[in-house]
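Down below is the structure, laid out as structure tokens.
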Amino acid sequence: MAMLESLRDLVGPAVFDHAVSPLIKIAVLIFVGILPLISYLVLAERKILGFMQVRLGPNRVGPWGLLQPVADIAKLLVKQDIIPSTAIRWAFIVAPCLVVAPAFVIFSVIPFGPAASQTGGSLDYFVTDVNVALLFVVAMATVGVYGIILGGWASNSKFSLLGGLRAAAQMVSYEIPQGFSLVIPLLMAGTMSLQGIVQAQFEQQRWFIFQGWGLGLVAFFIYFVAGVAETNRNPFDLPEAESELVAGFHTEYTGMRFALFFLGEYANMIVISAVAVTLFLGGWHQPFPNAGWAGFLDLQWIPVLTPPLGLVGILWFSTKLAAFLFVYIWFRGTFPRYRFDQLMELGWKWLIPLVLLTIFGTGVWKILQ
Amino acid sequence: MSAATSAVRSFFDRVMLLDLFAGLGITFKHLFKKKETVQYPEERREPAHRFRGMFRLDEDRCIKCTLCARDCPIDIIYIDWHQELNPVTEKKEKVLDRFDIDVQRCMFCGLCEEACPTEPKSIWLTSKTYELASYDRWENLYVDIDELQDWKIRPAYTDREVR
Amino acid sequence: MGDEERKGPEEADGAAAQAAAEAAAKARAEAAAKAKAAKEAAEAAKPAWEREPKIPEWEEAGGDPIAAALAERHGASLLSARTLAGDLVLAVERDAIREVARSLHDEHGFTMLIDICGADYPDREGPRFEVVYHLMNLDSCRRVRLRVSTDEDSPVPSLVPLWRGANWPEREAFDMYGIGFADHPDMTRILMWEGFEGHPLRKDFPVEGIETGAAIYPEYYEEAAGPVTGTGTGWKPPRDEEGAAGAAEDA
Amino acid sequence: MAAPDTVGTRDSLFEVEEMELAFGPQHPSTHGVLRLDLKVDGERIVGCYPIIGYLHRGTEKLFELHPFFQNVPHTDRMDYVAAATNNLAYVGAVEKLTGLTVPPRAAYIRTILCELQRISSHLLWLATHAIDIGAMTPFFYTFREREEVLDLFEEYCGARLTLNCMRPGGLPFDLPVGWTDRCGAFVDKFPAKVDEYEGLLTHNRIWKKRTVGIGVMSKEQALQYGVTGPMLRASGVGFDLRKATPYEAYGEVDFDVPVFHGGDTYDRYLVRMEEMRQSTRIVRQCLDKLPDGPVMAKKPRVLKAAKDTEAYYAIEGPKGEIGFYIVGNGTPNPQRCRVRPPSFYNLQIVPELTQDRLLSDLVAIVGTTDIVLGEVDR
């Protein structure tokens, strides 16, 4: 902290607040937060899937396999990097970056914890609070699809191409119900700032999933289904359906480039879950923040450490996030895969009309409010 | 059940996604079940008593009839013998020059053991050995009579791990 | 067999001797018949699995309604109709096979084509190859086997017009034996690769295969070196130099 | 510019562009080394040409080289997930050719082994089929039970996969002590496990969407292509050799032959699931009725077939009718030994079933035919 203070003095407060501090936060977020989170998410997925499938999962590297992610990363880094001779070179190289970058950028607007003004501290537990954050999330999520299409096309392999095309159709179609379902919490909160939406849930004393005659639940359901489809996860993992398209758009990718696609997919999973937690599950607030009997959930009674309020926020946020990610993994362990046309049918014929109806219902609710 | 109630029920099934939740329930239940994994190098499955693994041969019991070689469907048993006068019994006896098995091509059908006329069998596969992998293409795979007779329960390379 | 007397043929000399020999032979035959009957009775008393196995023999299938109907309908095209171990086997003129199969299919309910396969009899007089068809009637569970003789140059009428499923087995017979099938839509190799020379299941095709350049470890399976059985040639894989020389002695 | 061809075909009018897609031999869901040359329009399959033979080992040639009893291990390696039924079909043909009769105890044990093999084969099919359709968990559940079946095999004959567990005239060994109890315990608990698999799949809407109405095979098509086994029974033909021409101990046990009429992938799935339950019934009854006595018939020292005799013997394998056609030539070796491989005939219909379906359906259809390439190519 002292070092930060001296840095602030050195560069001047304006530069520090607007350039240095976000940069540090981003670096911390990515290298301390997201990357370890993703690698351990992969481990958790393998473990949980293993447990569901009456086996143990990775348990050789380190105690309970805890060092497995390290081994995986080392393996992927030192693997031979193959660019197929017939591939379109520049696109082949650019594609994985196009998948990863947008997913990471979205993290900048997600409130993992309270703002400095709420806790009385000096640290915002998010990178930035944009007043149109929701739009930003939707816009950035859209960019990821280019990377996948490009990767599928640039590989110059038929299976990759089919995977890329599937991904394109799927992601474009499911962005519509997903985007619309975001409108519902937006209507309920009356703001587009994610921090504002969290605050609105606090003030309305109800998570938006339970708000408005169950319409929140419907919106949440649609958002989640569309999110699973958006991230190409089972049961909507058609673009990389290994039994049909070998590995879909990343068939030809090896080593670190493949790892980037992998990273992108898991980062997207976290993003979708984080947005869902923020919009529907009260964000970083503890459950029942306004109820007196649930006051112990602020964890201030833990005598030894008495965690600062911001950290409690992050803790609750992570817990909700983890529950979400568990459901993702649970789905993967349980369901078969949809067929391509059935997926489209589900999106266009069911989810979109349903979400439009829900928006209408929410409007009515809002007026009656 | 009347048609109406079954229709209502199927409608609820559809809307409430009960079929999907049933599947989720099954996988969730398995999260807490006993795991079936065998931690291989530390834990080993004990093969059944009749398990057909690596060959053993007992030269003293063997009467050099070559039936095992004749009955082998893929002809991987090579036997040569000659007759010698036993100085003690003063009888002519067959002496093995060679008893080789090209285990690389062996399919462990056990017909050689069945063909063996001695009692107990002088060639048998029930040595409970299943670790026959090797790092070298030729290693451990073409075994001669000495190797056959003192074939350890397990190949050498795993011995140090098992202790 | 008991107490029958054994006589060499050299004793048979002169008429009296001949008569005696005849009488002896008669007695012997009687004794043998008696012994045989006793043995049969003993056999019959045993459970089936302890009896001497009774090897099935060919019988003429004159009374079989299907064979009779076919003989009436196709006349000389039906070369023979016999049964063996309960299976009806019909030998059919090559060019008539499709008609015979068609009438079996249409009139006798043999709707299922079970199998088509080739066979090679190089020692046989006449055409070398045989194509064997197995048909089945699903309602009565009756099977019938058709056999057609052919040689390399004369194609057999294909059954694909009757059963689409005849496609692959006919291709396989072509691939394995070089038997041609007329009117077949796709008379190409099926199991061996295109460009393969020879027909592997022919009896004159060498078992160890032919040189195609496809062997991965040609040095291991040396020509004329192995595999050997029993007291063999003393061949060992080339890697094992010591001991191989000493083992080469024959017994 | 030439005048447009107003009476052209659809393709010439709209210039549909097809792509050639080599599906296999190295592909996760071709179950070995099957290659399908596909002509696809987008993801719609407009043409399919299976190319087989990558696993051709000349088994039929090998049969001709060896005496009858030495061929049993070779039969293991054709349909390598159902070795016992292969063994039975082969030794059955040899017994028919040489007139051997099997003692009743051997017949019962053979029946038990075949039904256990059917269970294990169907379990493997279910595992791979579910993986093809994207459900990965049933794979592990089915393998858990399959291990137990294989353990039973191992205890009986010493091998888990390539059993070599039958001989012309009977069986090589009697059952080990306590085997019947362990086998009984397995078949008693197994139906509950089948319910578990069904709980994951049968009513699951995604599973149904992927399988109902996919790859519909009519009764006529099935007969045209010589399709047998569960595929035939899912198309409304209740034909099962175990009932039609009872062999071994099947005539003395009570069981049902499941028949469904849809002919689609879902019905084939249901048939096999029900068959597993029926198999446990058969095993249970056989264990209860198991007679005492020898397991090997009295047979000549060298088993020879008479010259120019031939026999065809078929049984109901897990995949369909597996039969052997053996011609004797007066020596201990067969003159010709032909296998009637069920997978070979069942695979033949795949191009017809996949016509105008999507790529994902192809995977489901290939999975539901339950082919083993070791048997297709021999």
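As written, the chains take the letters A, B, C and D, and residue 1 is the first residue of each chain.
The definition used in the following text is that a contact is a pair of C-beta atoms (placed from the backbone, for glycine too) under 8 Å apart; a residue touches a chain by one contact, two chains touch by 3 or more.
The model shown is predicted, which means the values in this text are computed figures rather than measured ones.
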Most extensive contact between chains (C-beta pair count): C-D
Maximum centroid distance from chain D, chain identifier (CA atoms): A
Centroid spacing, where centroids are CA-atom means, of chain B and chain C in whole angstrom: 35
Centre distance in Å when chain C and chain D are each reduced to the mean of their C-alpha atoms: 26
Computed distance of Cα centres, chain B from chain A, in Å: 49
Mean-CA-position distance for chain C and chain A (Å): 69
Of all residues in chain A, the ones touching two or more other chains: 52-55, 333-335
Overlap residues in chain B, where contacts from two or more other chains coincide: 20, 23, 26-27, 30, 36, 72
Contacts with two or more other chains, residues of chain D listed in rising order: 137, 141, 144, 200-201, 204, 206
Contact set on chain D toward chain B in their complex: 66, 69-74, 76-77, 137, 141, 144, 147, 151, 154-159, 162, 164, 172-173, 176, 196, 199-201, 203-206
Of all residues in chain A, those that touch chain B in their complex: 48, 50-56, 330-331, 333-335
Residues of chain D defined as touching chain C within the complex: 52-53, 56, 58, 60-61, 64-65, 96-103, 106, 169-170, 223-228, 237, 239, 244-245, 294, 297-300, 305-306, 308-312, 314, 321, 323, 325, 327, 335-336, 338, 340, 344-345, 348-349, 352, 377-378
For the chain C and chain D complex, residues of the former touching the latter: 47-58, 84-85, 87, 89, 111-115, 117, 119-121, 132, 134, 138, 141, 143, 145, 163-165, 167-169, 176, 189-193, 200-201, 203, 205, 207
Chain A partner contacts - residues on chain B that touch it in the complex: 20, 23-24, 26-28, 30-37, 39
